[in-house]
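Handing you a structure now.
Chains: A, B, C and D, in written order; residue numbering restarts at 1 for each.
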Amino acid sequence: MDKVKVAVLGGSGYTAVELIKLLLRHPGAEIVAITSRQDEHIADLHPSLLGRIDVRCQPFDADALKAKGVQCAFGCLPHGTSMESIPPLLERDIRVVDLSADYRLRDAKVYQEWYKETHHDLKNLAHAVYGLPEVYGDAINGAKLVANPGCYPQTAILGLAPLVAHKLIERSGIVIDSKSGVSGGGRTPKLNFHFPECNESVSAYAVGTHRHTPEIEQALSDVAGAPVSVIFTPHLMPMDRGILSTIYATPTRAVTEPELTELYRSYYADKPFVRVRTAPPATKDTTGTNFLDVCVKVVRGKVLVLAAEDNLVRGASGVAVQNFNRLFGFDERAGLL
Amino acid sequence: MDKVKVAVLGGSGYTAVELIKLLLRHPGAEIVAITSRQDEHIADLHPSLLGRIDVRCQPFDADALKAKGVQCAFGCLPHGTSMESIPPLLERDIRVVDLSADYRLRDAKVYQEWYKETHHDLKNLAHAVYGLPEVYGDAINGAKLVANPGCYPQTAILGLAPLVAHKLIERSGIVIDSKSGVSGGGRTPKLNFHFPECNESVSAYAVGTHRHTPEIEQALSDVAGAPVSVIFTPHLMPMDRGILSTIYATPTRAVTEPELTELYRSYYADKPFVRVRTAPPATKDTTGTNFLDVCVKVVRGKVLVLAAEDNLVRGASGVAVQNFNRLFGFDERAGLL
Amino acid sequence: MDKVKVAVLGGSGYTAVELIKLLLRHPGAEIVAITSRQDEHIADLHPSLLGRIDVRCQPFDADALKAKGVQCAFGCLPHGTSMESIPPLLERDIRVVDLSADYRLRDAKVYQEWYKETHHDLKNLAHAVYGLPEVYGDAINGAKLVANPGCYPQTAILGLAPLVAHKLIERSGIVIDSKSGVSGGGRTPKLNFHFPECNESVSAYAVGTHRHTPEIEQALSDVAGAPVSVIFTPHLMPMDRGILSTIYATPTRAVTEPELTELYRSYYADKPFVRVRTAPPATKDTTGTNFLDVCVKVVRGKVLVLAAEDNLVRGASGVAVQNFNRLFGFDERAGLL
Amino acid sequence: MDKVKVAVLGGSGYTAVELIKLLLRHPGAEIVAITSRQDEHIADLHPSLLGRIDVRCQPFDADALKAKGVQCAFGCLPHGTSMESIPPLLERDIRVVDLSADYRLRDAKVYQEWYKETHHDLKNLAHAVYGLPEVYGDAINGAKLVANPGCYPQTAILGLAPLVAHKLIERSGIVIDSKSGVSGGGRTPKLNFHFPECNESVSAYAVGTHRHTPEIEQALSDVAGAPVSVIFTPHLMPMDRGILSTIYATPTRAVTEPELTELYRSYYADKPFVRVRTAPPATKDTTGTNFLDVCVKVVRGKVLVLAAEDNLVRGASGVAVQNFNRLFGFDERAGLL
């Protein structure tokens, strides 16, 4: 069988290099193009790719990508830029997995409120599918445009979905206290990501204002069939990668740990990348993998969920490949184990 | 004026070496003895002390300490051991600042429940004073035995005291999500503190069972004049030192950030080591100091408090010196700025 | 084609878990047994393996391994223990890739001198092949017993081989200043690998006495056809994995950087895992890969070589798979890209 | 006695904040001004200074500093800028400790060669004193302008001075392999200091071209009374602070470790900040202190020296205070223990 020809849009960042490494191992994908404003060999941008791939970055050009036979494009562009580049690809029947935030929020007003930018591709927004396979499953398979989910939201949504689905917790006042490695902040040098600033330190940021908040709420409301609201607090940790979310919710009835663990096991029984555990996961257990580890506890009448992942793999490029697998009929696990 | 002669009990750990460094800089203290089961020069146990102090460790012996003129002993012993060593010192009129947990919980039954050990010095437990100066103030000054507070509890208690004192939050269901550097786990090698295990990783531990829980509740209940209960979750961070507690509480009436910040400023107006800030603190801002930085936010109807400290200085040895200053009539800040 | 049935001896450490992950991805290997003194599921010893492999550790028993059809055993045992376990496997026609030091030094007296232990398997020592494929090449293919090379030695040997082979540097007084991540020290908790001891710190250790010294010299003397001697100084770095060796040698004639770079390119032309670079490599460029990056410079009349690798992959488990590929006729790169 | 009024020029970087902390503890110094292009309170630039100092940064203006009574200015400006700002201060009889490189190299041609900039303050260059107290001692006391030494050079110079002074090593071919924490690179965000780039990685940089090379050679040649040349290779380590230099030299006659250790002890007998040790120092032993730890070994006919320091204290701001103490007649250790 021929391999699917893929392109990576925006090759200079961390999600791009992670994605390229995953695709190089994928039995059914062939990277035929990488775009970037930097006209360089991709291994000059990322020395770790030396000797593994021989592709020179090219400026974005939908016709050129089509001419190369690209069947699927992975968007690793910043939000705002994504919705400029993606429409011409869709017009040319190139399917897209977009890792930016541009097509995640169904309501363009909510997008504008949180991203301070007007959405100007309502047409494609209307049919984009939120690419969290464990929740949106088969809807992804036939999509033209998949909005790959954010890193934090996956821990929150998968951490809470079984409880919300079974109406076991109150739908408001849910506290999501998340801890992330620095790679989540991207590859552009900034003072708060300067090594001597963030090393040996922990701090909260974007308190009450982080843009992943509405994304978490949209998906959980879908699962609940009713509005869910959360208090989400991200923290910066002195490590490269990994997210741990510690989630606190109020049960609607008396619950026990064994009962909830069983519920999670059942809910995720046929989901190969969610590992339900009884011991609190360390983010390191998931490093370099597409697994999301989840553990549920009952503490003094509250339900406490711990959800861990690698923010670059499961949180971005790994789940993008998982979505690609669904789009093109591969085993969901292809290239990811 | 003669310097106060002090001894450090249990010189081999991290709180001991931090304390020794602080005392060496203190204008009114003279270290005349350090005890340890290891019969070595203190600089052989801690090479950072080379050329700064010339004291050889000696086995614990209350009479020997008395003979050396020790007026104040700092206990850096493990819990359980402390309550063996401290009674003979008190009998010899040596005042004690105990950094262990043995005299922190007024109710010996609560001690037994959480520490799985019978308390066998009820006599001295009865008069011990909990050494959190910003809350217990002058009660410390005349004490014979000060129970130095735990590292986590200080962030929780000082982070919540103004709210609790003014009955602005509900007294149950308070969530305290704490992140700590590894030095908080002590100096004994263990797998979970082995560098390649805890580096580049974050995890929760002792979920629902951490021994600092009753200590936090005891102090906050004192402040409130009514029972307070908390859900406390500690996390291990890949860094040497620093604690950040992110605290979530439910207000009893509508509140605003400016109002609460003002309340905190007023509450801590004459407390030199609490810095009330409007931006979320990084633990690094407090590294090596006795400051505890606190910031209060209102997010979607919840009150959110961020409290940061250096777990070895403010969280242990620094506040021990602050207590020493009160015991012996020094300016509270002596040796700590 | 049937997969080769393999066993991992000594499953609890870091090289074992790395090896297991590589083998799980290998198209031609099937892990049928893992031995350990700990009678546990391998995923309980290494939570990162959860859901990826379902093997319970068993005590070492050569007959039991043979009965399971094991064709190749990977030894991840400590030195000294290896030479106990390996003879019975070889007797049963099980081929062995031994990651310990037991069969690396051809001269048992040298072994005794540096490892302070008598070698008691001289019979197998006599036919063991040192498993550095880029140097010992086809000799490995037919071996019954491969002595997998040490982590540091690979950087030193591959960093110097082209120079030594062409007699371009003096054979004595070569300085090898190596920097390693902490995982190189193994998984047993010790004070010097305790997080708050080695984090935020750099130090040299085993100055003039490290056991990899004779291993480096043996291989370089083979390449040179004459005795080579080195001064080797390892350093402990605050990171999980990665080795960088900075090597200083005295040229035997005037040399230039372009000439030497060309020489290295030519020497390693058909070696897929050595990447010759003109810019100094960062260890991070090699993390998680079997690549060894090398760069040669001329500074003030000295030749300076920089050689970087991942100590757990290239330095141990990756090269073990590379050797396995040679033993069983796979492409040298199988499972490693 | 009145305190000496001091100013800090260029308050936004790491050496400035470290210096300010040291000066705040100094019994004889009073910070009356801090200059910066950023018109902000110094605690807004460095939150760690909150509540410890109440000074607002002002633009550089020599007259304004004179009007405030400044007696000593500490220059924390970049090289090139320093030689603009310092002449007007000297004209106004303000003594200067300059932490930049502008006045370290006596030969303006050498400066031009390595810094690619013409030196345009030859007048003051002529009388500047290189501020390494252990070598240039009393010459510093009466200076108007002290060129504070570089971070790397101090480890190299003090590591080698006893050997060079006693003609015990050959004066050329000396290898200095140095490892530094990231704070040495300054506070301006750059890709190579971006956390996810330099964390978990080690690399050499400026191989053969680092500007500290001529500074090391100038001082060692002074000590030797004859030209000394070195091969100096700096490396970037994933830690905040600390430098370890591993130095390799060829002895001119047979030497032993005890003999050399004794020589070092004698050479540094009255130097309070050099600690001669027999075990290899860890940089962590010196963190936060003005100590420079040195250890000398003999390995296979080479002399090997290990020298460790905190690059921000001993390597910059601490030695600046040591120089200040000499300029103004304080005990050399004032404010530094």
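The rule is simple: a residue touches a chain if its C-beta (ideal position, glycine included) is under 8 Å from a C-beta of that chain, and two chains touch if they have at least 3 such contacts.
Values in this document were obtained by computation on a predicted structure and should not be read as measured data.
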| item | value |
| --- | --- |
| Distance-maximising chain from chain D - centres being C-alpha averages | A |
| Chain pair, A-C or C-D, that carries the greater number of C-beta contacts | C-D |
| Distance from the mean Cα position of chain D to that of chain C, given in whole angstrom | 40 |
| Whole-Å separation of chain centres (CA-atom averages), chain B against chain C | 46 |
| Inter-chain centre distance, chain A versus chain C - centres from mean C-alpha coordinates, in Å | 36 |
| Chain D, residues touching no fewer than two other chains | 181, 197, 199-200, 238-241, 281-282, 284, 287 |
| Parts of chain A lying in touch with chain C, wherever the complex brings them together | 24-25, 47-48, 50-52, 200, 272, 275, 277, 279, 281-282, 284-289, 291, 293, 337 |
| Of all residues in chain D, those that touch chain C in their complex | 173, 175, 177, 179, 181, 197, 199-205, 207-208, 229, 231, 233, 235, 237-242, 244, 246, 248, 250, 280-284, 287, 297-302, 304, 306, 308 |
| Touching residues on chain C, where the partner in the complex is chain B | 14, 181-183, 187, 189-191, 193-200, 238-241 |
